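Before any comments, here is the structure.
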């Protein structure tokens, strides 16, 4: 018996150690990203990095200014969100409140397909279809613009936004809906006056996670936004080429000499990216915790 | 408010329907476009031959093989760890700070951009551990990426195992670990398989994490050890489409590669969905 | 306490001043009870009065509940099962339990029965015999002997419950606890299980929770009446039903509440 108890305790400790590995991994990611970033700041000031307006990593007078990359990511993400949030929430409402259950059962996995398509395939599709389309429509020298990136990125963020919003809307207790309908409200009035407000925190979490997905996207954007590291104007910048933080890392890491300032600067960009998505996830998580309804 | 509530409902519902149709049409257009343009390129030779003439002709065999190696390598590393972590979290962990910390770590790993995993893989596996750019480094990097996917789906699968199974096994004088080993885990297998298949789809499609950890532009030979560099389908597509020798001329190869990649990933997703459907109602007592 | 209980000379289970809390809430209050060998003891009372909580103390199933705290003693064959040298897993081999909902594992009929013995190290060549013996004792051998390899979940509800009883018997316990074993079953299945329980009394000590007073009257030798975590009355079944000492027992038995 003591032998068995001992064995059970051993097993539990092993299982615990393995799951603690996740924390170790997260810690190691922070450690390696931040440590490599710090080497940059031996030679280059943190302030200049964070507020620098120019990213000239290879010129004689090299500069590692984050702003063009940061705003590049920002404009593409904002564009994507402006386009995918209304579309995504509308679809989520349609699927959970209006569509026939059979139609909804088909639509949900069908839209989920988008979540499975690899980002290079999105990038490739953007490159061969959307880039020429944008170029012709706006009569531009190149179709590789922030707008192109935003549209593709918006499509990629849709499944995240739809699935999680749909979840939040469906989890609004039906008693609340019936209460409203019983008062003579139409279905639409019930949806926008009762259901949407009740599901709002869940929908916000969906939007946050969509933003997180958009900021972290790499390959698609690298293939279709033109990768010019200039701070974009707003809103005119949508029709210009931009370069995101993610694309910068992906483009340049292959070519830099390891151990150079440029190498460490890319880690610094990665750290910024990591911190941003970390915060976004934290926010989304805390919003999501709130929306769980207590079932009566 | 000039509109009657009936009319505004009609308008609103039409708009919502239109939005959903738009989303659905995105899916349809992308799929149809790639399929129509890609299927002409696909043949047995395309799938089984080496690229020729600076990748302007020939097949994509080494990229398929490389992707297979990545799938095997990352699953070998991530599956046991993920399943064990999920078992601990669902069957043993109490509600305390440590558990909170682990859950928080998993959520954040799930939200970390894949290019950041690439950086980390470069720093830890390629440089610090000295594995160099290799199948090993890339597989381990991808393993970190899918770890949260496996943990979450396994946890979900364990949650659907009715508590009655645990209680009645324990009531037979069976210990907790044996109960998990012989009753709970077998009942959770379909869910674990589903999660693994989805992870395989992720591994097959990811590019950013392998960019600096071992993916090669072109290799004349297949990799011969876990320390070799490799070609992989998504990176191959990226290279052909953006940096190939003759981008316009190799379009058919690009479409073909995109279609193969799409079929692999969507096929895996479909299998996962079917397994989930098949077992969804089987476990309820 | 009544005469009958004092007369019990050799009790298999002795409960002394048992108190149990779920967090702040006290679910069992100062329960004492003696249960004699090879008897059927029924526990009745309105829902939520602590019957399940009580029998789960007898095989330490409450150990699994996180905020559950227990005081007092439970002696089985003279040994305090909450003592430091007692292992709950070993205890449960001797004190089996059958639950309210039939809950066979998602395996074949054979594997369900063989599950316990296998884990407890039964010899492979003895398994067939053990399985047959258990199924016979649970009066379900006739119905299953030709389909031992088919899934247990393909059996009817009543058959599943007898299978669960067989699964418990296969581990060879000395005491079997039943927690409302027939409340999810139809009348015919119910009477088959009642018959089975009365037969099992020869070899086992049985404690059964039931919400069905006729059932308690039909099958038990002793009956305990619980109310709001207290054991109001305990004695021979005939006496409890025909001549209850407490007003609330009488009210409950005659259907005036609960």
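Each chain gets a letter, A, B and C, in the order it is written, and its residues are counted from 1.
The rule is simple: a residue touches a chain if its C-beta (ideal position, glycine included) is under 8 Å from a C-beta of that chain, and two chains touch if they have at least 3 such contacts.
Remember, it's a predicted structure, so these values are computed and weren't measured experimentally.
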Next item on the list: Using mean Cα positions as chain centres, tell me which chain lies farthest from chain A.
Entry: C
Note to self: Can you identify the chain nearest the overall CA centroid, using each chain's own CA centroid?
What the structure shows: B
Check: CA centre of chain A versus CA centre of chain B: separation in Å?
Finding: 17
Item checked: Gap in Å, rounded to a whole number, between the CA centres of chain C and chain B -> 48
Margin query: How many angstrom lie between the centres of chain A and chain C, each centre taken as the mean Cα position?
Written below: 55
Next item on the list: Scan chain A for residues touching two or more other chains and write them down.
Entry: 4
Checklist line | Multi-chain contact sites of chain C, meaning residues that touch two or more partners | finding: 89-90
Notebook entry, point to check: Listing for chain B: what residues touch at least two other chains?
Noted result: 175
Notebook entry, point to check: Within the complex, which stretch of chain A touches chain B?
Noted result: 4, 7-8, 11-12, 14-16, 18-23, 25-26, 28-29, 32-33, 36, 86-88, 90-91, 93-95, 98-99, 107, 109-114, 116-125, 127-129, 155, 158, 162, 186-189, 191-192, 209, 212, 215-219, 223, 246, 249-250, 253-254, 258, 266-267, 270, 273-274, 277-278, 280-282, 284-285
Item checked: chain A-touching residues of chain B, taken from the complex the two chains share -> 5-6, 8-9, 12-13, 15-17, 19-20, 22-24, 26-27, 30-31, 33-34, 81, 84-85, 87-89, 92-93, 98, 101-102, 104-120, 122-124, 127-128, 144, 147-148, 151, 175-177, 201, 204-208, 211-212, 234-235, 237-238, 241-242, 251, 254, 258, 261-262, 265-266, 268-269, 273
Margin query: Under the definition above, what is the set of chain C residues touching chain B in their complex?
Written below: 59, 61, 64, 66, 89-94, 96-97, 99, 101, 103, 105-106, 115-116, 119-120, 164, 167-168, 171, 173
Next item on the list: Would you pull the chain B residues touching chain C in the complex into a rising list?
Entry: 94, 162, 164-165, 167-175, 178, 182-183, 186-187, 282-283, 285
